[in-house]
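Chain nomenclature is as follows: A, B, C, D, E and F, assigned in order of appearance, with residue numbering initiated at 1 for each chain independently.
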């Protein structure tokens, strides 16, 4: 169950309106790695955690925080959209800078949301449930989380570089700092789990059931051998179970596949060649 | 530029047809973490790599291999769909097992693809470009890759447990082994980069530009303190820059936001209360 | 900013596992009118409200409550998925009831989410940001909200009728009651706004700017005159501005459109007929 | 069965081409609340209506009219795209106004549709079947319809304000008038049904089956009490069944949920803590 | 502008309800090649046709007919859903055939649409505007149309084979016949245009601007030479401009690409190798 | 199984960076008819081909070539994005041409992909599996392929006209040439199959099972008789089976449909009129 307080976790006030920047900030709200994604990802992971209260609590801590991040960004976007030139202004339209704004802003900010934030990304794609990951395996999911915070911080940093607006930079400097903590935090949680379970997800599948003869080899499917010099092709495997190998010209193991004809009621093309009769 | 050989990398032949299993195997082809995703993810990352030939080569090696994995799975799905009961069979339909197949199979396997594989997942969602990640920052992307191989191996293992078909299990034991290698491999590549760059992505953003006072703290937004006992709330931060902190009752820093009225031409609801006049 | 408490707003415990019911319950989580939709819809509306604190507060009250509803439903789905037959059981598979479950359940509940809830609907479509509405005009949006609560209650009632599980019915009886309140509540808010602004959204557009001669007429575009007997074709218009009219055989007002040829650089088909030269 | 006449219901001719306006007008064709949505929504509702010929007729009347509205808008967009600068013009490109057009227009209007309308919205999202609502319950659906006409008129009004083009304004003044009528009309139909059935959708569910003790209360989940002063928290409920209540600090009713461990074959993370053994 | 008549173009009455068949029939309504696709495709093509009244008329003729096909199929689906077991029936649920229905039917038919048709396909994906094609080039689009009618007839035939229901077969025998006509018709229109314009789309692009040395060659990128025996590798090209060639081992023409480093403000990974300095 | 060589099939180097052109080029990578579509379409068709080695080989030849086309375009996009103004430049932003770039470019090229290509189209929609067609019927699918190459060449030609960049034009002149060949090639394959099977897809469905009385008629559903003069309404049908007919005012064959009431547990609106009792 959730409670809301009206105050913002951190201030979200730009120095001046900027509808082009508002469009870009949408990536941090409703993009693949925006705050809607991390909020929903952590909450669904938390709600599905079976036992493991420490991790469940952690997930719900952070998931709840991230809803407040959507809130700050939605507030920022609404303010960046103040004074947007939504009215026909024959004179103004001749001003090339206003022309660039009218051409470049997200038209749905004016037509659909009435100068409010949209639940989508910087090109207008709606946020989708398929952005998030919740598998029931915590080590797998914490890797998803570390990735999400890495991509998220990278995107926030890029927008930080794109603007001179001090108010926007102030909010971004907070979001970047929180993404720093969250990278630290998921790295810590991953280290804890890897120490117990080892490198491989899932750790509970008996390794003798996999084809171990092909489990430690880099196949050189791309001509050129630059990749042969990496750690991944030399020395003990990171999981400690064997030695890495490098195979320069991988060969197919199975013959050319031949498929049986389909039953007549599918009305597929019938085989016209003799060797297709199996 | 790519070449194709007709032989399969590994055999892809089930013991017997099974349209319900064919539906499930689609997750490994066109699901969020299926082979279409890793193939496209590694290729786009490789094609966008600027310098860093060793990593570009590695990405193209693996991306190319993964196209061959889609091929094996598409072949397997086509064979699992052999003999699917696509014809009206009044008698057969009274057989409850056939009824379960007719009810449970993916109807598009019969109506749309003519007993061939579909470019989608186990519930029929089409594969989407928004599943993949390619950011230009290799450490960020290798974390995405490690996550993808973790989720992918987990899903393959789960399907392995769901079937007794030896031929399907043989293919899965290969895919699971390759996912093991790829987890090892991305872990090695990540270790290499983290040694150079440190934990945080991106490493090139000056940390004094972020709000360092909020960069090491776990906020307890979810009542209950189970998460306070984790490594992420105690000791030196993983990035080595400071000490982790735990804040039991985080407080908002900024006042309740008040937004200016929108211009009349948006035809938003006008403010009716005095305190909304800023 | 948000806080979370670990206890559930209401109990969410089924009498017994039922993976088919778990699939259906997803509609209430991530369907077009599920709890993800109302939570996000009310929060985005609240965050975008300019002035009008009473309504902003109301929206944030309810939006926050709805996140807790997702939580209860996610918990319920996880419990309905307990003991799901995810393992190959050659004997069991011959049991037609188990066959129906294996055929009918959402395969992603087993393969992807590890017996946890999914951020999608009952056929597996991911939740989308394009389900929600937030326009900046409160009367418009409260109508969206009244509709959402009507569709939502209808769907919850239908699932209530589909099951004998007392625990599921208990949770549904709560959700249905809350949807009752929310219908009442949005109806009250709508009445308040309509009293001030009148029926039409937006109320601020000068009516003389619209073609008033076509603003009160039902056009009978569908042969048959059953619709002519409704209130909408007789008497004073609901907005009080004029009389409703009924036009039995509406006629076009404008000539057949003819479009100019496209410039050659589009490589459209060139006009071959004389009368296309405008 | 449908017939088409070549003449347009109303004229659709702009004063002059304007590719940026063409991009915006797409919202009215293929946006969430564009004409494709209302056409398909009313037709699917009509085709699914069981009995109730008066309402079925009404739905088919309006649904058929709306297809003609798509036609007018598609014609308008094609004409707004006349003379679009689709050819490389080295000199022209130095003109900042042309630069703004080239930067701001929808590139698919030039590359994909050859200066014709697209079945999508103003940012290029394709129209989706999930925009529409057809539930079999007419009161629910008429509320969806009233909302659709409210959002639709609001968007048309906003675009009206954005342009000085008299021809575009003329078409919009018609669409706005029709949306006025349709708001009137659905309001009339809703009043008729509410008089028979009461406020709540669905009216046929026995209210004693819901948790009536929580069916009339506004929960203050969002700190601050502005919302307590509304009609929704005071007096007889709109449905007339009880009194509205306001609960200032809602408390959870159910304990913290604990989920059973998943079966080993899911390869979820195993519980590591004692209190997870249920 | 459109008119509707209440009678159906052809009868749409099944012999008996069948919710599993209703699910399959959705493919013909809202699938990639369902009636929503052809209706919208032909109408958008018609509305965008510039001049060429004969083709514009043809497109609007057929597009209008196809809306009536959606209507017949929606009526059929509603009738196939009569008597669907939507109520909990403890006894009935033990009947494996009812179990197969409950497991196999589209749950949204019961929960969302109240036993009416859905605007989506047989697995529940919503119909999308991106299914349709309208390019402004009629020869290109008529090829899209011939393909659509080919895929559509194939799917209708497959469902025809899947059922014994005479009423459903009667409707399908009509739809199949209309698809036959439409294949004939688009083939006739294509022949007419190809006679004027030749084989290649677009015909107006000067061929000397393309790399004619690579415009007639089949590259054998897939090891094995079966494809070398086809007409496409031997003799005069179909467009009559040259001779087909076969190249057994195509070689790359351009060197390995090397990309410049990105500017520091993108925070991409910096090049670590010397040969990446361009 | 696939191999990759590092060299490009053809050169992909623009004369100068141009982020607006990069945005447009995305249509050729990840649009409905971009290279991702044809690569995946041909590969899935090839992998599903049952027998018919000549066609399977052809499909895999071309599908493999097309992956290399994605590679060239991704390389081109990365180079067009060199030097993109991603940094805040207060002075530069006053330059209207830079303003147009900042407003017009795809913001995800800067924020998400770090100046690399995206797996989506020119407005930012992600590529989708639902773009492709693979039915098991080769004649149907080769028509899909001929259409894809027609639309694809048309789009490449349009972009060719939009730019003066010689390097981009060089690559496009290659892609246009390959699309020419592929149109030729699919036309050849279609001719071969039509000679064997006749015009109609599928050829294996006995024609007496369709309603032959409605299989040769153009219905004039769109008022005006321009279409009556086409080949499709006169003379022997293209399939040679009958004579084309033209019906000027098609009449419905079946009565107005009336649907039975839904069961009470759906909570649909109950029929209120007498004539709905069937």
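Here is the rule we use: contacts are C-beta pairs under 8 Å (C-beta built on N, C-alpha and C of every residue); 3 or more make two chains touch, one makes a residue touch a chain.
Computed from a prediction, not measured in an experiment: that's the story for all the values here.
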Shared chain contacts [subunit A and subunit F, defined touch]:
B, C, D, E
Going from subunit B to subunit F via touching chains takes a minimum number of steps equal to 1
Using residue numbers, check each pair in B-F, C-D or C-E against A-F and return the one sharing over half of the contact pairs.
C-E
Looking at C-alpha means, what's the farthest chain from subunit F?
C
Round to the nearest whole Å and give the separation of the Cα centres of subunit B and subunit C.
28
Numbers and ranges of subunit D residues touching at least 2 other chains
1-9, 32, 48, 50, 53-55, 57, 60-61, 63-65, 68, 75, 78, 86-87, 96, 99-100, 103-104, 110, 112, 114-115, 123-126, 128, 130, 135-137, 139, 154, 157-158, 161-162, 202, 205, 221-222, 224, 250, 252, 256, 259-260, 262, 265-268
Among line, ring, star, complete and other, the chain contact graph is complete
Subunit B partner contacts - residues on subunit A that touch it in the complex
5-12, 32, 46, 53-58, 60-65, 68, 75, 78-79, 82-84, 86-87, 110, 114-115, 125, 128, 130-131, 133, 135, 137, 139-140, 143-144, 146-147, 150-151, 153-154, 157, 160, 173-174, 176-178, 180-181, 183-185, 187-189, 191-192, 199-202, 205, 207, 209-222, 224-227, 229-232, 237-239, 244, 250, 252-257, 259-260, 262-263, 265-268
Which positions of subunit F touch subunit C when the two form their complex?
154, 157-158, 161-162, 224, 256, 265-267
Touch list for subunit A against partner subunit F, complex
20, 23-24, 27, 31-32, 96-97, 99-101, 103-105, 121-125, 154-155, 158-159, 161-164, 221-224, 250, 252, 258-262, 264, 266-273, 275-277
Subunit D to subunit F touching residues, read off their complex
1-6, 48-55, 86-88, 90, 94, 96, 99-100, 102-104, 106-108, 110-112, 114, 123-126, 135-139, 193, 196, 202, 204-205
Where on subunit C is subunit A touching in the complex?
1-9, 30, 36, 40, 43-44, 47-48, 50, 57, 60-61, 63-65, 67-68, 70-71, 74-75, 78, 112-120, 126-130, 132, 134-137
